[in-house]
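So, here's a batch of structures to check.
You will see two complexes here that share chain A, one where it goes with chain B and one where it goes with chain C.
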Partner chain A sequence: MSKIYVIKRILYTVLVFFIVVTLCFFIPRMGVDDPCARYYPAQGNMSDESYETIKELTRQQYGLDGSTWSQYTRYINNLIHGDLGTSYRAGSPKVMDLIADRLPWTLVLSVSSMVLCFFFGVIIGTHCAVKRGGWQDRALMNASTITTAVPSFFIALLLTFFLGFQWEIFPAYTDQNLVSSFDWSLESMGAVAYNAALPVLSTMLGGIISNAQSVRNSVISAARENFAVTAKAKGITNRGVLYKHVLRNALLPIVTGLGMSLSGLIGGSVVIEQIFNWHGMGTLYLEANNTNDYPLMMGIMILISAFALAANLITDLCYGLLDPRVTLGEKV
Partner chain B sequence: MSLIKGMFIGIWNFLKKIWDDKQGRTGLIIAAFLALVAIFAPLLTPYDPYDVAMRDDKGLSPSLEHILGTSITTGQDIFSMLIYGTRVSLSVGLITGLAIAFLGTALGVAAGYIGGIVDMVLMRIVDVMIVIPTLPLTILITNIFGKSYVVIVLVFVLFGWTGLARTVRSQVLQIKNTDYVKAAELSGGSKGYIMLHHIMPAVSHLVVISTALTCAGIMIAEAGLSFLGLGNPTAISWGKMLADAQSGGSMLFGQWWTIIAPGIGIFLSVFSFMRIGLAIEGILNPRMKKSGDARKLWKHMNHRYLDEVLRSMEDTV
Partner chain C sequence: MKRLISAALTICLMLALFVTPGCKTSIGQRKNDQSSTLYVGYVGSSFPTSFMPWLSRDGIAPTVASMVYNTLFSYDDESGDFEPLIAKNWCYVSLDGEPLTTDGTYEGKTDYAAVEEYYSDLSDDYMAVRIELYDNVYWSDGERLTVEDVYYSFDVATDNTLSNHAGALAWTADLCHESNKGKLIRQGMFTAKHPDLSGTYPIREGEEDTVMYLHVNKIFGSVTTLFNTILIIPEHIWKPIVSESQQLNNKNPQGEFLDQYRNPVGSGAWILNTNETNTQMIVLDRNPDYHLKASDGSPLYKVDKIKILLYLDSNTAIFALRKGYIDILDSAVSSNYVSLMEKEDNIYISRSSGSAVSCLVLNVEPSSPFDNGIKLLFKDKSFRRAIALAVDQQELVDKILDGSGKTVSAGLILSDNKLLYEEKSDLLSFPLEKRLKIANELMDGLYPQKDADGYRLYNGKRISFELLTGAGAQDTVSYLQRQLSKIGIELVFKASGSSPETTYLYRSDFDITTQAVILSMANADVMYRAHFVTTERSSNYGKYSDEVLTKKIEEMRHTLNRDLKIKLIKELQILTAEAYYKIPLYCSDVLSAARTDRFSGYVSMPGATAFNNETLKNLKMVGVS
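Up next, the complex of A and B:
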């Protein structure tokens, strides 16, 4: 992997990020007529001049003064210094602070769901591959055709209904004091796990099945390779061949896929968070949407895009490291 | 005229082939059933599903009068709403799927075959669009331009063609150097003629498979957006029915049918298109019959909506 390739790749990523930021900046400015007129509708008893003054003050307060171009340069300048702007919420909190407050809670859901999906997916998938054609395998096949057609929020509602309301095993809504009373003690961590059970479960079910299906296919195709036959011919037991030789190779594409889906982690699942009223990025975005809090919406979108870009960049560079044939022309 | 006739015969033969596939037949039957329900919805509904003011019977349990009871928020007849919901789901799914197929194929073929500056510009646009998260973007745009299915379909189409275009492009790049294309070029065929008569047929299988699966994916996405309250506020859709049931607290009162009914609607519509997609894949790509592309595509589809669906198509070629 040449240095030039790495530099080109990084520069290109920065360029794409810049375009994404530009789009995120101009899209909210396409439709809105005059944000201040929206914020302060004209009052009957007010002279035009004082109304203009009020609007001008509002613009200054929310950083909407000056031409669009000067707003844009200001935004980019702030972004370079790591500042995503100020939210329109009461108290004008920084967008960064709001996101930093919510991000860990989303990660609790998405990371645990991903880890569990991977774990159970590998176990079930390997098992089904070993019992290929057996009832387990057929059950997995049938389950995968069904779960892929069921949206996760429907599963979430079903789980809420049965486990939450009917049998009252897990809380149907997140405890509202969960966030404020959290203090790293074992007890409050247990409470988080208890409250996170249903959201994680509902995102997990479909994921496990589809992961298991791809692990199964991957294991079966790896078992046909020559190295597996050689290992078997050397006299290694079936179990040894499976765990030491086949599984290691079969999991490579799965892990690669996992790396690709990393960028989905920080956005969180908007619908699931909404159903369980989880204190995460998804609900933050919906709150921002309901209050027309454009800086916050832009900030979240830019952050997710940046994360996706970084993940792509790292994946590509790793590929380049492993396979020197990759060059900029082929892989971008 | 003969061209149109030939097209119809081709489509008819294709449907017959899907019908011969066991999976495809299930899909076709369900899809045809849903289409009939959607078309004849006014004849099938016992009540006016939009009727919110006439009755004050909210949250009724199933009875002979109301087969599935009434909704808890406004007292509409749930069975009638269920039937009308088919219209939104099918129309949004089909229109978006077909539009994406058209745009994605046209731009993909253009990028792949013409190459040069066209290719570069299109692929740079794809690079940017693929990065922007689709669901937040859709929410942002409905915030600006108003909540409606027109806006949703437009956003899906504008940001959804990228994956298909990439896939088609890489396929075209391979076809471009085959002998028959070279022969057509040497015998003086214009670029437009070659693209239409030689390149398009060669990528059509990709387009057909991805259209069936995109329709299914869009239906899930539509239900999700309606669930979040981003569809037409006045329209009746399954996602909105679920949202009403949830926010109205019908689960608290043990009314499971208010959730199950729209859920089954979503499931059936998505399931049928998925089956058809898998069947088509088996027909057009017999080597891939087991554990093929479509399953790989579908793998990413479930939770992460459209952008992931289309991104995963890259792996297929």
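Up next, the complex of A and C:
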């Protein structure tokens, strides 16, 4: 991997991030709604003149005064200094504080889901590859068709109904006391896991099947490679060939995919969070959207984009490290 | 492989062990709760974390604000009287303080004839009102509530641009009093500390903290907004910290200001429990010192605590009710859900008659009248009448509301309002076939040409309108499309978005829209003008204007003869019905649900869900005598 490639890749990421920030800034402003009007909705019997006065006062209060360009430069300047601005909600909390409050809760869902998807995906995929053509393999193919066709929010609704409301195995929605009573005790962490069970299950079901299918294909493909045949010819047992040689090589694309999926960790479960009343970034974004809270919307979008770009960059750069056959930016 | 599977099983087991301790905390804690705590479900996107009463406009905030704070009176729609809250009585008085009541006392009922006789000939532009507060009202921090708090609340509302803008929440336009940046411009409130310099309004010894006088516009409705919409706030809390830079209704409060927003000190029957309240749950404790008691001396409200739980999704909230995770829902439910729940044990379905009339508004003054001139067709009254005749209210009630509602007169006042309802305004209640025949005759006379699909043509173009409404009203739109197609008019759905008023309605940038209209004795002075006269930023979305109607509305507003006022409202119904500008669709019942396994005694109140003040006064814990 050449240094020039790394620098180019980083600069490219910064450029994309800048474009994203610009779009995040301008797109909400292209809407027809005036945030000031949202703040102080017009009342009957109020003249246009006095209403304009009130809106102007509001604009000054929230930095919406001046041209869009001057607002933009002000925003970029603040962003460079790590300030995502102030939310429009009562009490004017900092966007960063609101995000910091919600981000861990989203990560609880997304990281657990990702880890479990990977773990169970590898087990099931390998098993199906070994039993290729068997009922397990056919079941995986059929399950894959279903999970591709059925969106995760629908699975979430089914799980809520059956496991939550009908059989009451897991909470159908998040306990309203969960966040305020959390204190890092074992009981608290257990409560988080208990409440997160259905949201995690909803998001991981599709992921497990998809990962399992990739692992299965990858294992089958790797098993046909010369190194596997050689290993077998050396007298290594089937299990030894599978775990020491085939699986190791088959996992490379899966690990890469795992890196790519990091980008969805923050913003990937908006609907699931909504269904389960989960106190995460998704519900925060919906709240911001419902109240035309531009700074908060922009803050969340920028954070999600930054995270996705960083994840892609790291994955790209690590690819060469994971697979020595891959050369990045070097002439062959 | 076996090793892998064993590892997976081990991890599952460890997870299960990890989760087990957490199973104790559960969403189902209500089921085992033996305390007098009412669990209320609320469907919304978020809960507020600060509670300034005049900013509490959206979502659950107005409900919480009205429980933590009080207005002077509450208004009883049935009797048309003001019921005591902070204040125990009021009356109109002459300009020398003499009561204008039937028995000549300050506690008596208003003598409307005397008020008319006294004030009609006076050149002053105001009337005087005397208010007497209870002498045992306290703020939740223990301070006594006096007339100075009322003076401060009204004064600061007239002074502060943003506060005054809170409009419906602190609307003081009918109070003849004005302050500007703390400077009194016109005095229209009189207390012992802010006396009338001419000394005409008597405040006797011992009444210094409880009696005050107001100057209000010479309209009967003037007192309504002052009495039952403005929440009274504590002077001792706000006066020291409100300044020109930190105004009330400030969206960016700092320091102590913010602290007061988060820890509201009110005089209401409930106190916000700030220890237990969080972003997902609002907890209210009953105020043990609330001055109003039940007739037997027991607390007026029968539960000790109310927990309001947030649900982001209505389906989840309804299932939570069915499974017993909450006692009651503070949201109306659709008739579909009612049929799902009404056969279940322990579920009480409240069906109360609605007060809002859903109607179609035809835009008679479109902001962009192009599009081949079709948008201007609503200027023609015959055209509007044809549309009104084609709307089949009964079908809408039967199919959209599943029968849970009623049809409404074209005068937009409900027939069960015995005081105001004018039968002659019911211009649309005759057989549908006959109505369609008349409508088609009208249309044939105006636009006889039709296209291949049977829609009428205007200048060679199909007569088609967009119906601007919420996505939830798609079924109504479908029925209306079918009904209007019978007279050859095409209707197309247009989504109204999140803030239709500022986006489309105040700009008159629409063809047809839907609107809820409530007209009653309490609001007639304000709402007739808002719906049919005012063209700036008001409920008169289609900017309808008619000289005769305007004159009649002003006459109704300004008369001090109550009987004449009622007569004029009846005449107004006929005029508005004949305008065919706001066409009634239906008045839906308010359907709501509650569980009866922990509490009984829910009360259905007109226009309200089962979670209402009367319910809170009547609830009894099951199994507790």
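To be clear about the criterion, the second predicted complex is superposed on the first by the 296 of 332 C-alpha atoms of A that agree within 3 Å, B and C clash if a C-alpha of one lies under 4 Å from a C-alpha of the other, contacts with A are read in each partner's own complex, and residues count from 1 in each chain.
Assume a contact is a pair of C-beta atoms (placed from the backbone, for glycine too) under 8 Å apart; a residue touches a chain by one contact, two chains touch by 3 or more.
Model, not experiment: these values are computed from the prediction.
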*Taking the superposition as given, does A:Y72 touch the first partner, chain B, the second, chain C, both, or neither?*
neither
*Applying the touch criterion given at the start, work out whether A:V271 contacts chain B, chain C, both or neither, answering first, second, both or neither.*
first
*asked:* Under the stated touch criterion, which partner chain does A:T147 make contact with: chain B (first), chain C (second), both, or neither?
replied: first
*Touching A:L286, do we find chain B (first), chain C (second), both, or neither?*
both
*asked:* Looking at A:Q176 after the superposition, I want to know if it touches chain B, chain C, both of them or none. Which is it: first, second, both, neither?
replied: second
*Please work out whether A:A308 is in contact with chain B alone, chain C alone, both, or neither, and reply first, second, both or neither.*
first
*A:T160 contacts which: chain B (first), chain C (second), both, neither?*
both
*Identify the overlap between the chain B-contacting and the chain C-contacting residues of chain A.*
32, 160-161, 165, 172, 274-275, 286, 292
*What residues of chain A sit close enough to touch chain B in their complex?*
16-17, 19-20, 23-24, 27-28, 30-32, 144-154, 157-158, 160-161, 164-166, 172, 203, 206-207, 210, 213-214, 217, 220-221, 261, 264, 267, 269-271, 274-275, 285-286, 289, 292, 297, 300-301, 304-305, 308-309, 312, 332
*Of chain C, residues touching chain A in the complex*: 1, 4-5, 8, 11, 15, 18-28, 45-46, 48-50, 52, 55, 57-58, 161-162, 165, 167-168, 171, 173, 251-253, 258, 261-262, 276, 278-281, 309-313, 316, 319-320, 322-323, 497-499, 501-503, 506, 526, 529-530, 534, 536-539
*asked:* Looking at the complex, which residues from chain A come into contact with chain C?
replied: 32-34, 37-48, 50-51, 53-54, 57-58, 61-62, 86, 88-92, 119-120, 122-123, 126-127, 130, 160-161, 165, 168, 171-181, 186-195, 197, 239, 274-275, 277, 279, 283, 286-287, 290-292
*Tell me, which parts of chain B touch chain A in their complex?*
123, 127-128, 131-133, 135-137, 139-141, 143-145, 216, 220, 223-224, 227-228, 242, 245-246, 251-252, 254, 256, 259-260, 263, 266-267, 270-271, 274-275, 291, 295-296, 298-304, 308
